[in-house]
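Consider the two complexes below, in which chain A is the common component and chain B and chain C are the respective partners.
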Partner chain A sequence: MALATKRWDLLLIMTAPPHYADTFTTVLRLADAVLRRDGSARVWACGYSTMLTQDTHGETKPTNTRAPDVDHPSSASIVRDLISGHGGRFGWIGCTACSDERGATNHIGEVLLRSPGRLMATMSTSAKTIFIGGA
Partner chain B sequence: MTHRVLGILDRGYRGAVESQFFDPLYGFLDMREQLGAVDIVLRGLAVTMAVAEDAYTPSLDLGPVRLTTLPDYRRVIADMVAEGMDVTADEPDLRALGFTAADLLPGVSCMDTNGIARKWTDYDRVWFV
Partner chain C sequence: MSELASGSSTQGRVGGSYLMIESQGPWAGPNAGRFVRDAAELAAAGTAVVLLLVQDGVLAALGGPSDALDRLRRNGGTVWVDGFSLRQRALPVAKLCEGAAVVDMDTVAAVLLAESGQAVWH
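Right after this comes the complex of A and B.
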């Protein structure tokens, strides 16, 4: 018997690059708004946003020379903690084509890798989809 | 030999969560010694990084994740002024957003775009960052 397909309340498709605007911050806040109402949300990261969840980031960002004693969490560790902290209600998908195109193929284990050929199928499992950003 | 560098920022808010401290302002502060004398011009939406306000805290509560290391642009601008850097906001861009020179942090000056352009020749390098 096939397993029932999991349903999600919100899918956020993020194609904007990080370190350019506050899109990643906005995506996290939109997801948080749904999660706070006991909903579920997942992010599909395309383009350079696949860089955000690379295992090579480690847990923290490079040392801030002006505040060397302060740990600044890496984007990968933030995503990992959000996934593990929500008991299956928050998910993160890395687009395999965009990851391969950019050599960003060392995602943290919590990221689900998915081909762009399954984009529409992924959208169909979500009650709402927001496409945010530009590639 | 000391270079004089004018850094022009016309775009702010480049990734609060992923960048945190690692933005162009940090770059200028961190590399100031090797650059020599550095002054800053804020244009476009970046002028708001020098607008005084007291409601913002550099934190974001995401449920199981609470970030307390988000950028505090106004504090960094104040640090730049304290370290002797000239920080100038573009007056028309400031006005277009509904602010005046009176809204700026202490020590930040306000100048018309043409006046700013005339200062370029005071510098060895003008960088759009």
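Right after this comes the complex of A and C.
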């Protein structure tokens, strides 16, 4: 018996590099808003966005010298908390080709790794897909 | 994008619906202006269009509207401006062009979850 394919409300394909604009923040805000409405969302990270979920980031960003007593979570930590905190309604996929090209192969364990050959199949399981280009 | 976006202004439209998300400012290059022109053309062709300005894209709604933004509105399109992006850039709501509505991401999520239209990001 074939397993039922899980359906998602929203797929965000993020090929834009993460730090030249506030795209990553917008993606997180949009995903968070969907989750608050009991929807489901996942992100397909391509290009340099694969760097966001490297386990080498640790739990927090380097200390902000203007606010040394405050811990700011790393991008990997934020993604991990979103995945683990919503009962399977949030997912993060790392593109294997983009990860390999950049040596970004040490993703946190919560990240699902997929070949770009599965992009179309991934899109087909989502009600809506938003492609965020700019790589 | 029906009643959430513009109420009766979408009545009688013949096409589908689009949520068009502009994240780049008017000075990032010509493509941002082209994207807004595309939104205006879709609205003119009878498609329900919501243009969401986010990140540097909010700059397009400051002061007087561009010709494309004005045309989009005259054709029945809706202009949304992300409030977080405005606050992050210390831009006052009072400076927005006429007809631009400040929204939060919850409003955007509601549209994405509830409706069958397409979403396009630039």
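Following the convention adopted for this analysis, the second predicted complex is superposed on the first by the 135 of 135 C-alpha atoms of A that agree within 3 Å, B and C clash if a C-alpha of one lies under 4 Å from a C-alpha of the other, contacts with A are read in each partner's own complex, and residues count from 1 in each chain.
Please note the rule applied: a residue touches a chain if its C-beta (ideal position, glycine included) is under 8 Å from a C-beta of that chain, and two chains touch if they have at least 3 such contacts.
Because the structure is predicted, anything quoted here is derived from the model rather than measured.
Judging by the criteria at the top, classify the pair chain B and chain C on chain A as clash or fit.
fit
So in the superposed three-chain picture, is A:Tyr20 touching just chain B, just chain C, both, or none of them (first/second/both/neither)?
After superposing on A, A:Tyr20 lies in contact with chain B but is clear of chain C.
To the nearest 10 degrees, what angle do the lines from the C-alpha centre of chain A to those of chain B and chain C enclose?
An angle of 60 degrees, rounded.
Quick one: classify A:Leu82 as touching chain B (first), chain C (second), both or neither.
After superposition on chain A, A:Leu82 lies in contact with chain B alone.
After the superposition on A, what does A:Glu110 contact: first (chain B), second (chain C), both or neither?
A:Glu110 sits against neither chain B nor chain C.
Identify the partner contact of A:Val70: answer first if only chain B is touched, second if only chain C is, both if each is, neither if none is.
first
State whether A:Val34 touches chain B only (first), chain C only (second), both chains, or neither.
The answer is second: A:Val34 touches chain C but not chain B.
Once chain A of both complexes is superposed, is A:Asp55 in touch with chain B (first), chain C (second), both, or neither?
Neither chain B nor chain C is touched by A:Asp55.
Could you say whether A:Gly133 touches chain B, chain C, both of them, or neither, answering first, second, both or neither?
second
Applying the touch criterion given at the start, work out whether A:Asp9 contacts chain B, chain C, both or neither, answering first, second, both or neither.
It touches chain C, and chain B stays clear.
Which partner, chain B or chain C, touches the larger number of chain A residues?
Residues of chain A touched, chain B against chain C: more for B.
Quick check on the superposed model: minimum Cα to Cα separation from chain B to chain C, whole Å please.
5
Going by the contact definition given at the top, which residues of chain A touch chain B in one complex and chain C in the other?
Comparing the two interfaces on chain A, one with chain B and one with chain C, the shared residues are 21-23, 29, 32, 36.
Which chain C residues qualify as touching chain A in the complex?
21, 23, 54-56, 82, 84-85, 88, 104-106, 108-110, 112-113, 118-121
Going by the contact rule at the top, pick out the chain B residues touching chain A in the complex.
Against chain A, the touching part of chain B is residues 13-22, 26, 29-30, 60-65, 67, 69.
Residues of chain A touching chain C in their complex?
Contacts found on chain A: 9-10, 21-23, 26, 29-30, 32-34, 36-37, 39, 128-133.
Where on chain A is chain B touching in the complex?
Contacts found on chain A: 18-25, 28-29, 32, 35-36, 52, 61-62, 64-67, 70-73, 75, 78, 81-82, 84-86.
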